[in-house]
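Heads up, the next two complexes both have subunit A, just with different partners, subunit B and then subunit C.
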Partner chain A sequence: MSNSAHHDLATSGRTWASGRSWLRDNMSRFISLASIVLLVIIFTVMNPNFLGAANVRNLLTDISPLLVMSCGVALVLLLGSIDLSMGSIASCSAVMLTLTFTCAGWWSYALIFLFGVFAGFLNGILHAKLKVPSFIATLSTQSIWQSAAFLLSGGQPLTLIPKNWGYVNWVRAKSIGPIPLGPIPPLFLIGLVLMIVYYVYQSRTETGKTMMALGANERAARLIGLGINRAKIVAFTFSGIGAAVAGMIFAVKLKSGIPTVGEQYNLIAIASAALGGVALTGGRGHIILVILGVGLITVIQNGMNVIAVDGFWQQIVFGLLVLAAIYMNSDRRRRDLVVK
Partner chain B sequence: MKKLFSALLVAAFAATMVIAAAGEKLTIAVSIRSMSSEYHMQYVAGAEAFLKTLPPGTAEVQVLPCESNDDKQINDIKALLASRGKNVILFVDPNNAPNITAIAEACEDAGVYWCSAWNTPEGITPFLYEYWVHHQSCDGVKQGYDIAVNLFNSFKTPGKGKILVMQGMLANTANTTRMEGLDQALKEYPGIEVLDSQAGDWDTKKALNIMETWLARYNDIDGVWCASDGMALGIVQALKAKGLEKKVGVTGVDGVMDAIEAVGTGDLVCTIANNGWMQGGYGVAYAYAAYTGKISPATMTPRERMFYTNGFLVNAETLPQYRKDFIESVPVYDYNNLDFPIARPMEVE
Partner chain C sequence: MDKHGYSSPIAEEFAQEMVRRNKVDRIVAMAPVGILLFLVALLSIVADGFFTGYNIQTILGQLSIPLVMSMGLTFVILLAGTDLSGEGLGGFVGSIVILMVLNTKTDLDMGLWAILIAVAAGLVVGIISGVIHVYGKMPSFIVTYAMSSIMAGFAVLSYRGQPAMSKYEFFITLSRGRFLGIPSLTWIALAIFAISYVLQERTRFGEYVFAIGDNERVAKNTGININRIKILVFAWSGLCIGVAGVLGAIRIGRGEVVIGKDTVFPAITAVVVGGTPLTGGRGGVVHSLVGALIVTIIYNGLILLGVSTYIQAAIQGVIIITAVALSVKRGRKVVTK
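And now, the complex of A and B:
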C-alpha cells in the first residue's frame, strides 16, 4: 500500500465507499499475489510434489539471494536511478568469503558485509557527490568488481575446502536452537530479515521517505530542503549490502566462490523489483511487495522444471508468463501515465 | 485486452500441460550449460539414443539448460529431485567445477544415481558419495597440447612462428586445462612466440571482436590457438574480412559441424571432437545400471568411477575417417558394454 493510499484511508473515515475505492486503487498490487497463487495451483495440479516439503524448501532457498538483491536495488529504483554493479559485487563477495574463511573464520561474514557497505557507499558517492549518472557509475564499478573477483580467484572457480565446511553447514539447519524451522530454510530467514529492515527504514525514517520523494520529483524535494545526497548514498549503500549478502548466500549454498556467479542476476533483480510494483522511473513502489515479484519469478522457474517443460520451451513460457504478469500488475488507468 | 492476455496465459499453460510428463516414467535428466551449444546437445542426443534401448514408454529425457548460471543449475536439479523422488537419474556437465559439491549433496539426500562430466574440483570425487556413479572427462590438457602441436607444425617453418591465444572463460576448468596443455607444448617448442592472450568467454562474437583488434595491431601472425570451435569460427570470420583465411592457422576444440566443415575448407587447421554422443549416452547408461541394481558404485573399480574418454583429432588427414564414422552415420554404442568409453583412468590421490 502506498503512502497516498494510507492517506486516503485515514482521511475518508474508512467508509464502505472509500474501502471500495481503496480496493480498486490497489487491485493491481495484489495481482502479483494472485498470479503466484494461480501458478502454484496449476503447478500443484500438474505435479502434487510442487508443494511438497522438499520443493517448498527449494523455493524458499531459491528466493533468498534474489530477494536481498531485489530489495536493495528497489531502493535505488525508487530514486529513479539504477544499480548495474550488484552482480559483480555479489560475485566478488562470494570469492572473498571463500578465501577468507581460512584466515578469518566466522568473522569472514562481517568482513564481506563491510565490503558490501563500502562498494555500495562508493556507488553512492560517485552518483551523489561526483554527479556521475548512476548508469555510468555502476557500469564502471561493475567492471571493477568483476575484474577484482577474477584477480582474487586467479581466474578459477574456488571450491570451499572441506575443513571450512563447518562455517557454511548452518545453511542446512532444520532448527534455530530449540525452535524447529520446518520447511523454512535459514537462508530465507536472512532474506526476510533484510527485507523487513529495508522496508522499515524506507517507510519509517526521513531518509527513507526522501528516497521516494526525490524519485517522484527531485527538484521539488531539493527545494523543500530534503537531504537528497544522504538519501542517494544510503540507497546505494543498502543496494551494495544486498548484493554482498546475495554473494554470501551463493557462496554458502554452492560451497564455492565462483567469480561469475552473480553476473546473471543484475537484470533479474531489477525485473523482480519491477514485477513487485516498483516503478523504473522512480517515486513509486513498496519494498515489502518486492517479495511478490521475486516469488513470481522463482515459482515460474522452479515450476517449469517440476512439471517438466521442455528445455526449448522454457524461455518462451517464462517470457510469456512474465509479460502477462507485468501487464496485469501495471496500473494503466492513470490519466498522466507515460510509457517509455 | 486484459482478457486476451489472460487467454494467452491459459494457452501457455495448456501448451505446458501437453509437453509435461505423465508422471510415473523414469526421468533421464541431462543438465547442461546451454541448448544453443551443439556439443551439449550431443549429450542430449546420446541420452536419447540410450532411451531407445529401453522398453517404450518407460522413461523420458528431460533437459535442464542452466544458461551459464551456476545457481540456476543447482535450483533446477533440486526442483527436479523434489518433484520426481527416486524416479530419476541424472547426467550433469557442471557449469563450473564447484557446483559438483552442491549437486552431489542434493542427489545424496534424494537417493538419486547420477554421473558427471568435465568439471570437478580437486579432492571432490565420486568415492566420497554413494549415489555419484562416475565422473568422466575428455583430457583437456591433452586437447590443448594436441591442437597446439598441430598448429605449430602447420607453420611455413614447422615449430617456428608467432601466435595469439584465445582463451575461453577464465574461471572455467575446461579453459584452464586446455591452457595447461598449451603451456606444455610451448615449453617443447621454444621457437613459438606468444604475442597476446585474451579471454573470449566461449563467445563467437567476442572472439571476432578481439581478433579484429588483434589484426589492427599485429601484422605478422602465423596462427591463433583457440580454446573452442565457437570462438574459432568467429576468428575465421575476422580473418576472412581481411582476406587472411588459410594464411593464418586457427585451431578449435569441440568438433561442432561448422568447425568440421572449416577443417575441410582449410580455414581451420584442426579441432578435437569430444564425442558428446558417447559421453551423454554412457553417462546415463551408467546411472541407469546403478538405478536398476546392475552395478553398485560401492563395488565399482576406481577405473570405472573416474575416467577419461577419447576425443577425435580432426585435421585434413583424419577428416575422411571422421566423416565416415560420425557424419555419414550416427554413432551407435553397445550400452551393455560399460567398459567401452574408458580411455584411461584419472589419477586420483
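And now, the complex of A and C:
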C-alpha cells in the first residue's frame, strides 16, 4: 500500500498530500477489500463449504481470465487511454485455439499468444502513430475481431474434439513435476505470473515508468525526452496479450471456443482495474492491487450464481460498479479540468 | 492595401493564407458528398438491383434508425464527447414501448402515450448520463458505456427473458406505410433531422455547442453555462436514442433488447464519415445526414453483393478508423488519449 501511495505522490506531484487525501486516493481499494471480506463472511455463513478446498479452487480458476485481462487493461488505463477490444480479442483467441489444435498441436498456444501480440500492437500503432483516440480505435478493432471470431466459428460455439483433449488436460493438474500445488489451480498460476511480469515491467523498466509518467502529464513526459510512442505501443501490446491469454484460458477451461465468450469482459475488466484503484484519467494506479478489484468482481459473480440471480442483474450491477469505481478515482479537486 | 494606402505584406499573406485554408476546408467538407456519389455510381454498376425503385425505398427504410441515432450523437461529438449508451438504452426503450402498447404480455394498452413515455425514458436516462459525466467529472464514453450495460440489464428485466410481441394496429400501419414513396418511419427520421437542423442553426443552444466544442475554456470564460449545455446535449441524445428505439420496435414488432444491438457503431461511423471530427467544434447535422446515407448505402450494397453479415461490422470498423485517422490533427504536440 505504501508503495502505491508513493507512486501516486511521485506522479501527480501533490506535495500537500495529507493522511486524509491518502485515504481518499485509496478509497476504492479499501472499499474493494472491505467488500471482499464482508462478502466472503456472508457466503461462508450461508454455506460453510464456501471456503472449502473445492470452492477455493473454483474461485481461483474463475479469477484467472479476468486477472490477466484486468492487468493488461490497467497498463492502458495508466496511459489515460482505454482498450475496448479485449473482449473480442479473447473471443477470437478462444475460437482460434480450439481450431488450431488439430494442425499445430502444442504450438497452438504460441500461435495464439502471437495473435495477441499482433492485435495489441495494431491497437498501439493505430492509437500512437495514427493518433486515433484509443476508445474509437479499439472500438473499431473490437468489431473487426468480433467479425473474425464469428466467421471462423461460423457463428456457433465450437466444441473441442475429444482427440485434442490431451492438449488441455493440464488444466486439472495437481502438481508441477514434483511440486504439489494443493488447492491452487494451474490457470491461477498463469494469471499470477502474468500479473507479476506486468508489475515488474511497469515499475522497473524505463518504458514501464514512462507509461505512468505520460499518463500523468504527456506534454511534460515528451519534453523530458521519454519514449512516448514506444510506451503506448507496449502498453497496448501487453493488453492484447492479456486478452489473448484470457481467451486461451476460456477455451481450455470450457473445452470449447465460444465466439461471444469475452463479450461482457470489456466492462468487467475495466471495472476491476478501477476498483483496484487505477484512475481512468491515467498516471495513477498499481498493477498488483488490481487483484483487489478482480477478487471483488469474481466473488460477486460467483455469489450471484450461487444465489441464482438472473444474468441481466449482473449487467446492471457491473455497470453501476464501473460508475462507482471511476467516480471514486476521478479527480474533482481541480476546477479547470476539462473532461470530454 | 489597407486604408493608409500602403500594402502590408504580413496582412496580405495572412489574408491569402486564410483564403487558401477556406478553400481547403470547403473541399474537405464536400468530400463526403463525393464519396456518396462515387458509392452510388459504383454500386449501380457492380451490384444488380441496386439502382431500382424498390431498392431505393429499402435504403430509405434502412436509413431511418442510423439517421435518428446520429442526430443526437452529432451534438455530443460536436462537444468532443461520445455517447455509447445507444445499444442498451435503445434496447430498453424498444422493450418498454412494446410492453406499454397492446401486446401479448401485459394488459397495458396506452396507445400513443406509450411512445411518449418510452421516449421520455430515453430523455431521462440521457440526462442522468449527462449529470454523471458533468458533475462526476468522468469521461462521457465510459459513463455511457456503463449506462448501456445497465439499461440492457433493465431491458431484459422489463420483459423477464420472454420478449413481448406487438398487437398494436398503429405500429403495423406505420411499419408498412409509405407517403410519397418514402416509408413512414423515414419521414419520422427526417422530422428529427429537421428539428436537429433548427436546433443547430437557429438557436442559441446550437451556437453554444459549437463554441464549447471549439474551445471549452474560452466558452466558459465568455459566460456560457457549460454544464447546462452539456447536460442538454446528452438529454437530446437520449431522446434521439429513445426515438430510434421506438422505431426499431415498430420495425421488428417485438420488444427485445436486440433492438439496440449494432446501432451505435453505424451512428458513430455516420457522424465521423460525414465530417464531424471526434475532437468536436466542426461539422454538424447536415454532414451527418450525408454520413448516414453513406453508411446505409454501404450496408445495403454489401448485402446485395452477398457479403456475409459477419464481415459488415469489420468493414465498418475499417471505415471508421480510416475516417478518424484522416480527420485527426497530427504533429508532435497533439495529445490524444
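In this text, the second predicted complex is superposed on the first by the 271 of 340 C-alpha atoms of A that agree within 3 Å, B and C clash if a C-alpha of one lies under 4 Å from a C-alpha of the other, contacts with A are read in each partner's own complex, and residues count from 1 in each chain.
Operating definition for what follows: contacts are C-beta pairs under 8 Å (C-beta built on N, C-alpha and C of every residue); 3 or more make two chains touch, one makes a residue touch a chain.
Everything numeric in this text was worked out from a predicted model, so none of it was measured.
> With both complexes overlaid on chain A, does A:P157 touch subunit B (first), subunit C (second), both or neither?
first
> Given the touch rule stated above, what does A:R219 touch, subunit B (first), subunit C (second), both, or neither?
In the superposed model, A:R219 contacts subunit C only, not subunit B.
> Using the superposition on chain A described above, determine whether A:D62 touches subunit B (first), subunit C (second), both, or neither.
first
> Quick one: classify A:A308 as touching subunit B (first), subunit C (second), both or neither.
first
> Name the contact category of A:G80: first (subunit B only), second (subunit C only), both, or neither.
second
> Could you look at A:S203 and tell me whether it touches subunit B, subunit C, both or neither (first, second, both, neither)?
After superposing on A, A:S203 lies clear of both subunit B and subunit C.
> Applying the touch criterion given at the start, work out whether A:S143 contacts subunit B, subunit C, both or neither, answering first, second, both or neither.
second
> Have a look at where A:L320 lands relative to subunit B and subunit C in the superposition and call it first, second, both or neither.
A:L320 sits against subunit B and subunit C alike.
> Kindly list the residues of subunit A that each of subunit B and subunit C touches, one partner per complex.
150, 155, 264, 310-314, 320, 323, 327
> Considering only the defined contacts, which subunit A positions touch subunit C in the complex?
Those in contact with subunit C are residues 79-82, 84, 126-127, 130-137, 139-144, 146-148, 150-151, 155, 218-219, 222, 264, 267, 270, 280-282, 310-316, 318-320, 322-323, 326-327, 330-332, 336-340.
> Which residues of subunit C touch subunit A in their complex?
The contact residues of subunit C facing subunit A are 79-82, 84, 132-133, 136-143, 145-150, 152-157, 161, 216-217, 265, 268, 272, 278, 280, 308, 310-314, 316-318, 320-321, 324-325, 328-330, 332-337.
> Where on subunit A is subunit B touching in the complex?
Where subunit A meets subunit B, its residues are 42, 46-47, 49-50, 52, 54-55, 58, 61-62, 65, 150, 153, 155-162, 250, 253-261, 264-265, 301-314, 317, 320-321, 323-324, 327-328.
> Contact residues on subunit B for subunit A in the complex?
2, 5-6, 8-9, 12-13, 15-17, 19-21, 23, 27, 35, 60, 62-65, 67-72, 74-76, 78-85, 96-99, 101-102, 110, 121-124, 169-173, 176
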